[in-house]
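Structure in structure tokens, see below.
Chain nomenclature is as follows: A, B and C, assigned in order of appearance, with residue numbering initiated at 1 for each chain independently.
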Amino acid sequence: MATKIFAAPSPHIHGGETTRRIMGDVVLALIPALAVSCYILGLRVLLITAVSVAGCVVFEYLIQRFLLKGRTTIGDLSAVVTGVILAFNLPLGIPLWIVLIGALVAIGVGKMTFGGLGCNPFNPALTGRIFLLIAYPVQMTDWTTGVPEKMLDADTLTGSTMLADVKAGLYSVSEVDFFQMFGGHMNGSMGEIGSFALILGGLYLLWRRVITWHIPVAILGTMALFAAIVGLEQGGDIIWQMPLFHILAGGALLGAIFMATDYSTSPMTHKGMVIYGVGIGLLTMIIRLWGAYPEGMSFAIFIMNAATPLINKYCRPKRFGTK
Amino acid sequence: MNELLLTVLTLSVLGVLLAIVLYFVAQKFKVEEDPRIDEVEKMLPGANCGGCGFAGCRAMAEAMVKNDDISALYCPVGGADVMKAAAGFLGKSAPEKSPQVATMRCGGTCAKRPKVNHYDGAKSCAVVNTFYVGESACAFGCLGYGDCVDSCQFGALSLNPETGLVEVDASKCTACGACVKACPKGLIELRKKWPKDRAIYVACRSKSRGAVVMKACKAGCIGCGKCEKVCAFGAITIDSCLAYIDPDKCKLCRKCVNECPTGAIHIVNMDPLPKEPKVAKPASVAATDVATQKPASKPVVEVKAEVKAEAKAEAKAETKSDVVNKE
Amino acid sequence: MKTFPIGGIHPSDNKRWSKDKSIERMELPDEVAIPMIQHIGAPSVPVVAKGDKVLTGQLIGQAGGFVSANIHSPISGTVTAVDIFPNGQGLRRQMVVIKREGDEWMPEIDRSTELKRECTLSPSEIIAKVRDAGVVGMGGATFPTHVKLSVPDGQKAEILIINGVECEPYLTSDYRTMLERGEELLTGVEILMRALNVERGVIGVENNKPDAIAHLKELVVKGNYRGVEIMPLKTRYPQGGEKQLIAAVTGRQVAPPPALPISVGAVVCNASTAVAVYEAVQKNKPLIERVVTVTGKELKETHNFLVRFGTKLNTLLERAGGLPDGDVKVLNGGPMMGRAIVDTSAPLIKGCSGITVISGTQTPRGEEAQCIKCAKCVAACPMGLEPYLLSKLARRKMWDKAEEHNTVDCIECGCCSYTCPSFLPLLDYIRIGKQTVMGIIRARAIKK
């Protein structure tokens, strides 16, 4: 083999980080939550996740291959991430054909119409989820179908999520068993119940530098602060329960760690990320406490996704040498 | 009923008042614009290519209306017809300019100009030009990443994957000059457009000495000067080992084409002159043998001798301006 | 531990390949080619012609202006050509070719090796000597040193910073210089401080070179070098960037262009430059040789050579066992900012601190994909720019927007391209944008 001389402008080395590795890390970080979900809810979780992932990957491949007639990029694993997160946002009893429709909307409408990975203004999984929530509200809020018997025995399970119950005034936040909640014994979408596992995944992503702390901390911090203020106004004895409840309940952790941090739909600068996170936290709490829906995470992220280009325009990084 | 009347009245009064305010504001800030600008703009091709030197057709139209003397203005895309029509409309004399066509002056195809390294950076000639010479050893040749192709609004340029060179479709070229600016090597020239898209030009820009050119590319101009000697019209000049054909003096006689030892003079839409003039036929068999059977070998020998002579002669001829050829 | 305020990356330093190889003197070349431009600024004008006899250290190229540098013959012999030849990038450069006959030096050069500490020259005399010796910044930028030392009227230097950071991966020439020529370096620092009339001289060294830090600290105490301080810095690329180093050492940030480091009272010189200054001032020795690291993972041998300029790069590579088979990239400098060399028969020049050979799978760039807006380039940019945006603007030729987003601030460190998970050639395009915008700004200034 002869020597072949290469030429290129500097730099001549690369850090080795690739899109595929980043997406792989995200999938890896989601696995603990998947495992917890499987343990509590049973193997159907795996089936739904598999259908969702397969749907996303196949739709992306088909659209790129036959509709856009370009290079296929399913190898970067971003469709897999979308698939897993979409599945995590669905209830256990959801019919599989609805899962497929969700995957089609997520990839077809949420991602490919805008030019694929990096060009989508809204988080694709979220697009799919919100579409399903509006199109199939009954199936999307049925938290009992398919759930194992032992789970239904628990006091708090009435077929609706704790957020909805609290909102409806069925019981107060101070009556909640937080230990059970932390361990995943609550109603909700498949992926959002394993708080502990989600935090674990988040720490892994931070360690791998896939995400920075700014967005999750800004979201959860804002929510906690907001909840504490509201709690204070409601009565002193639930000052710590209110923030904890709102962080652990619903999709707060899943949203803050895995969905709001989606690269293409979140701001580019750290300052922008904090503003974006605070916005999501505020909107989530406003919807949760006074809106029509019991849970506001998806909508809050969606709205702030739309604000991202504006945030990018005004939040520039600090130029070296300027005050 | 009263309330209704009152509402209608208030709104009407308000409307009238505001209309008056608007009228005065409009009067105060009125922009006088020559209506002829619109008319001239309509006559222009509307490509907004910038070939005239203005930001767009509107700016060109403005300049044509405002300036009394428009002889310096010219729309290369519309050509003489459009200029004549617009000038006639404005009652001014139209600038005369013969039509031009972009010409890519490099003949170093992949076969003739071997690659000596592998470029791995961003696929853009401008990027290559920021730090080095390109994949071949020639410092002047086409880089082949098509910055000019991207700059052409009219689809007249294309990259031929076989030769690795850019080709110009004369029928589509409007001579707007965008590619001339885009080429970091300065290879593209707007040259006179002959009838039937005929053309003749030196397809090389190398100012290196003959020996250096020969080493880097088999199709380059080595500055031997044969073409200059054979040209009856004084159209060919040699400057720093490089021949140039002045299109205004050239009569398309094509004598130089056969003289060129490296085939650096390209002709388009024309047949080359027959290699051997008919007068030579009655010569001895041996002579014709040499001429017909080994037509290539003889010139090469000559070239080598020529190159040596040139190399010596030009050893100090390279001027400082070449050295300052910045990175 | 101190470092610069924003951005930066931490590439694996790969210095282990050559860091323990002490400086060897390379045998004299039989023939040298000396380009007449080896520095930033105007090209030098050759003052010799074909057939002239020259001695080692004799002036062969006169500086072509204030921002330019003299060039001296690195060997003694006969000038065989003054002509245009391709350099390492294949670009045409005027060069003086000299064939060696023996090694006869100019008589005024002091070739003894003992340290000559004492210097009683005035600042202007020192600067004149540095200028005559053709000393330029030896970290790679090759800015003429006498220009740096000539502080403009109305401004005052307060601190001299010596760049012993060597943040480029692979390279070890400054490191070896600090270890083996520490006293000359420190004396050079003293002379530079004298030339600038400053009380404080700080040598910044990254903490991945603890032995160099310890060695220099010891020498400072032993030799009683007053006002000289060794400052360990946290290892981070591009700490060796002038503005980054000033910020790391003093905490002050140089304002955006056109402000110069002197605006915050700092003058930065490379460690090897300080040694060259010492030799120029104390020994009358012009800049004719330098320490060059020849390194690479797949090279049979790695070396730190002391080489005369004009030596063909081939001879250096041959001493390292030749280029490995397969895909290789030969770099003039380190892998982050070095230039790819395509013609290894080209001569060694003043700015070449190392020949790095990248080989195998490291050689080709990864396949370019779409930007995923991960913002890693924004976080990595040490100048607080948005590389993804600047690159896109340059690609679309939106020069006015690029100017608005401060593309001229870019120091071309390459952190953005290094971090990009989509393998986008960010810097390739930013460089185009920067050059074009700078041209536009210059044209505008001329118009006014």
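We adopt the following convention: a residue touches a chain if its C-beta (ideal position, glycine included) is under 8 Å from a C-beta of that chain, and two chains touch if they have at least 3 such contacts.
None of these values were measured; they are calculated from a predicted model.
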| item | value |
| --- | --- |
| Graph class of chain-chain contacts, one of line, ring, star, complete, other | complete |
| Chain closest to the assembly centre - both centres taken as Cα means | C |
| Inter-centroid spacing, subunit C versus subunit A (mean Cα positions, whole Å) | 48 |
| Averaged-CA centre spacing for the pair subunit B and subunit A, given as whole angstrom | 55 |
| Centre-of-Cα separation between subunit C and subunit B, whole angstrom | 40 |
| Multi-partner residues of subunit B (at least 2 other chains) | 116-118, 120-122, 127, 130-132 |
| Multi-partner residues of subunit A (at least 2 other chains) | 4-9 |
| Where subunit C touches two or more other chains, by residue | 327, 339-340, 342, 363-365, 425, 428, 431 |
| Contact footprint of subunit A on subunit C as seen in their complex | 5-6, 9, 11, 169, 243, 247, 253-256, 259, 323-331, 335-340, 342, 356, 358, 362-366, 369-376, 378-379, 381-386, 388, 405-406, 409, 412, 414, 417-423, 425, 427-428, 431 |
| Subunit B contact footprint on subunit C (complex, rising order) | 36-37, 43, 81-84, 86, 89-94, 327, 339-340, 342-343, 363-365, 425, 428-429, 431-432, 435 |
| Touching residues (chain side subunit A, partner subunit B) in the complex | 4-9 |
| List of subunit B residues in touch with subunit A within their complex | 116-122, 127, 130-132, 135 |
| Residues on subunit B engaged by subunit C in the complex (per definition of touch) | 116-118, 120-122, 124, 126-127, 130-134, 137, 139, 208, 315-316, 318, 320, 322-325, 327 |
